[in-house]
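Chain nomenclature is as follows: A, B and C, assigned in order of appearance, with residue numbering initiated at 1 for each chain independently.
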Amino acid sequence: MVRYILKRLGLAIVTIWIVATLTFFLMNMVPGGPFLSEKAVSPKALATLEEKYGLDKPLFEQYITYMKGAVHGDFGDSLKQRGRTVMSIITTKFPVSARVGGLAVLFSFLLGVPLGCISALNRGKAGDNAIIVIATCGIAVPSFVVCTVLMYIFGVRLKWLPTLGLSTWKNYIMPIAALAFYPTAYITRLMRSSMLDVLGQDYMRTARAKGLNQFISLFKHALRNAVLPVVTYLGPLLAYTVTGSFIVEKIFTIPGLGGEFIGSITSRDYTVIMGTTIFLAALMVIMNVIVDIVYKLVDPRIKLK
Amino acid sequence: MSDYLVSIEHERLSFFTPAGEVKALNDVSFQVKQGEVLGIVGESGSGKSVTAYSLMGLTAYPGKLLGGSLDFNGHHINDMTEKQMQKIRGNEISIIFQDPMTSLNPVYTIGNQIREVIKLHTDKSKSEVQARAVELLELVGINEPERRLRQYPHELSGGMRQRVMIAIALACEPKLLIADEPTTALDVTIQAQILELMMSLKDKMGMAILMITHDLGVVASMCDRIAVMYAGNIVEYGTTDDIFYSPKHEYTKGLIRSIPRMDSKGHERLIPIEGTPVDLLNPPKGCPFASRCDKCMRICLREKAPVMYFGDVHYTSCWMNQKAELEGGTKE
Amino acid sequence: MRDNPNPLSMQLKLNPDDFLPASDEEKQSLVVMRDSVSFWKDGLRRLGKNKIAMVSLVAVVIIMLFSFVVPSFYPYSYEEQIRGSENMAPMKYSEEEQARIDAGEHIFPHVLGTDKLGRDYAIRVMMGSRISLIVGLVAAVIILIIGSVFGSIAAFFGGWVDLIMMRIVDIIYTVPDILLIVLLSFALKAPLESLSQMPGFGWIQVVGRNLISIFIVFALLYWVGMARMVRSQILMLKESEYVTAARALGASNGRIIKKHLLTNCIGTLIVTTTLQIPSSIFTESFLSFLGLGVAVPMPSLGSLASDAINGLNTYPYLLFIPAILISLIILSFNLLGDGLRDAFDPKMKN
């Protein structure tokens, strides 16, 4: 087990390195640069700026310098936000996104799994049909539509919920609802189909033949098998959601990492792009390792190689 | 009929599928005595498993019991609630399924799955439950029981898993064991071992067995009585000797002709039964076997044959017997 | 011997004729055989019976008619700014138009009103859904081709080829797609602009280089899901016993691919491609919403919604119309895809 985790982490580092390298060269190959868009930058000032951040050096040398720093945990200073390190941007913005995103994933899991189960257990009945119709509509509505509609109804019309920032607990309701909307619908559908699959398995018939009541056979025998596909989906979902959704953060003016990332791309803040990309990739890879381990814990048939 | 452990009378059961009503059981009646082995023989889809599952109250989703009465050990199964059935299942009636590879839950250990049923139906202490689990594994011929209890199903061979299934089924010393094609998915050598095990356990524990199979060899060696099913009907019922030595239904005769014989001289050809089973969505109004029967008569297509008894036990419904009687009668 | 309850003397009227052997024709007349039907026929029949799928199909056809046919004879154009008729509510006329109507002229109503630049909103929504549909369909074809070729190559060769190809897939999965889209749209700016100057490439201007880079990004990134699926499907089929049986009977590789692998994959491919369409539309609307989609004045459903957000308080319908339409398009394709899956790929059915 320990050997497996070490091996996977080793592979993870290779993946992150490849992603970082790709991003670095791609980003630098694209015409334009971080200081070109700024108004009235004299060639002299530009040269000083570029020298200050080492952008005047050959690309490969820049790459080596950056990687050396990154290995030691130094992701450099932001090129655009003077006086802030990339690390400090990530450590201040990530917790905000992670709180909203983490809660959204938690809600979608807590809501989607039972809804999917209920739907599967009542297959073909009114309850199942209602849940399936709602969930199918749910995966058809883009997040910006959800955001704006929520905003219009609860923020603008009814004025029940505040629309800006994250100052009180009420502020969290709409962003979380908007973020959890799609995953809830998706998990419900996933859970339903996987539950139906499990309910048709021979070992469920065995459980009933033993005289177990429906609750025990459902909770002990079915759920553990049926939840596996959801676990697989949850890993990448969590990685994406905790790093923040640009749309949700933009519409509800949340100071999170998602907005920061898109902002850095459009303003060519190279160090912030690199830092957040590496962070996102690392989170993604680690989530996948965790998913594999959880999978092994839930299903003893899986062999970790 | 209190001397019977199981008594099924005129059971009718249908599956209501989107394509229409599938009449899976059409007036099925039989009895099983305490400690007796009844074989139900028939091809796939003849309704043999459906009969057994309905006796346990395990009829699958679109299926519905439409009529008849099912009695087991003083319980009237028709009127029992799901909760009452749960007390009986795994306790008084147990079942072994066809495929041991998929019948055990892959994510729990063998021990967990055996202990579960003991805990459910007895109030033994934790150590007693464990001791009983070990005892059961020894009973079904698994060595190193303590180690096996800690293993997962995928770590065991098919024959082993079927032994585990038997251990689970026998955990509470049931009155009736239903074996739903228990050896079909196993290698031939293992098949014999499992059947032998079942027979020796039957003698030890004195339970009745309802043996569901399409393998006539299995019923010949194990069963006291045999019911031959075709398209949701019992077409012939009798003792093993009745069925094998004086079959009265054309389908039974066909089945027996289609088994290889050890004592055959020269190169006798096996005679297969031609054609395919009837479509239970549109069952024919006459004899269900008529379209495949080479002795088929006009009446067979029109009318179901009445039940005719040969002795106390042996009965069948085949017009050929009426014909024989009629001809015999005119000759006299 | 026990008395037979039903001796021959019975209620039934029998005559000796009844005991004559039945002829084969008489036997056959009672056998109700269901016709054996081909894979396609059977699938189409099942699809036709699926009401939800048929309703979705009709919805898709109607939306396509409005997106591709109606605009060609619609009296307004998507970029035409009608002066004096800015921000009008649905079915209203501007003063000038009212004056012309009073003068006896027939003027086509602004069914969905106009936007803040005085452009007829109905035609903009139609053009927007045209863009969304084009993106969805083109992207699905691109993904189908690249994904299935990549996946089947990996599965066929196996071994280290498979290992390397799947590693590439993993890495593509890990790179944030927005990053690539933005960088690509910057990177492609100059080459596409110079290309659009060349004769025959003027359409690039109209479509917008962002949209082109969206296609390129789809081609570069989103085929990975398809590739994984095709690979696992082929790996499974390769191991299946009927392929082994075909091989044992001496079937050539070509025949196995044509007869067994292709026919068994095709259902899955159709279904996955159909379900890819809504997901591409989803992504396009998201990017257009961010301002990374089509070039102005060309609308897309995403950019229409994005533009409408600022006026949400006063003109909420400007947001709701494209929002509902895009949800409707995605929903119809999803349901149609589900229906196709149930009809053509019973293995995937739950």
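As a working rule, a contact is a pair of C-beta atoms (placed from the backbone, for glycine too) under 8 Å apart; a residue touches a chain by one contact, two chains touch by 3 or more.
Just so it is clear, the model here is predicted, and its values are computed rather than measured.
> What chain lies closest to the overall centre, CA atoms only?
Smallest centre-to-centre distance to the global C-alpha mean: chain C.
> If you average the CA coordinates per chain, which chain's centre is most distant from that of chain A?
Farthest chain from chain A, going by C-alpha centroids: B.
> Please compute the C-alpha centroid of chain B, do the same for chain C, then give the distance between them in whole Å.
So the centre of chain B lies 49 Å away from the centre of chain C.
> Where the CA atoms of chain A average out and where those of chain B average out, how many Å apart are those spots?
The mean C-alpha positions of chain A and chain B differ by 53 Å.
> Chain A to chain C: how many Å between their CA centres?
Chain A and chain C have C-alpha centres separated by 26 Å.
> In the complex of these two chains, what residues of chain C are touching chain A?
These residues of chain C touch chain A: 170-171, 173-176, 178-180, 182-183, 186-187, 189-190, 278, 282, 285-286, 289-290, 302, 305-306, 309, 312-313, 316, 319-320, 323, 326-328, 330-331, 334-335, 338, 350.
> In the complex formed with chain B, which residues of chain C make contact?
1-8, 10, 12, 14, 17-22, 26-28, 30-34
> Under the definition above, what is the set of chain A residues touching chain C in their complex?
15-16, 18-19, 22-23, 26-27, 29-32, 136-137, 139-145, 148-149, 151-152, 156, 192-194, 196-197, 246-247, 251, 261-262, 265-266, 273, 277, 280-281, 284-285
> Would you tell me which residues of chain B are touching chain C in their complex?
Of all residues in chain B, those touching chain C are 278-279, 282, 284, 286, 290-291, 295-303, 306-312, 319, 322-323, 325-326, 329.
> So in the complex, which bits of chain B are touching chain A?
56, 58, 61, 82-83, 85-91, 94-95, 97, 99, 102-108, 116-117, 120-121, 152, 154, 165, 168
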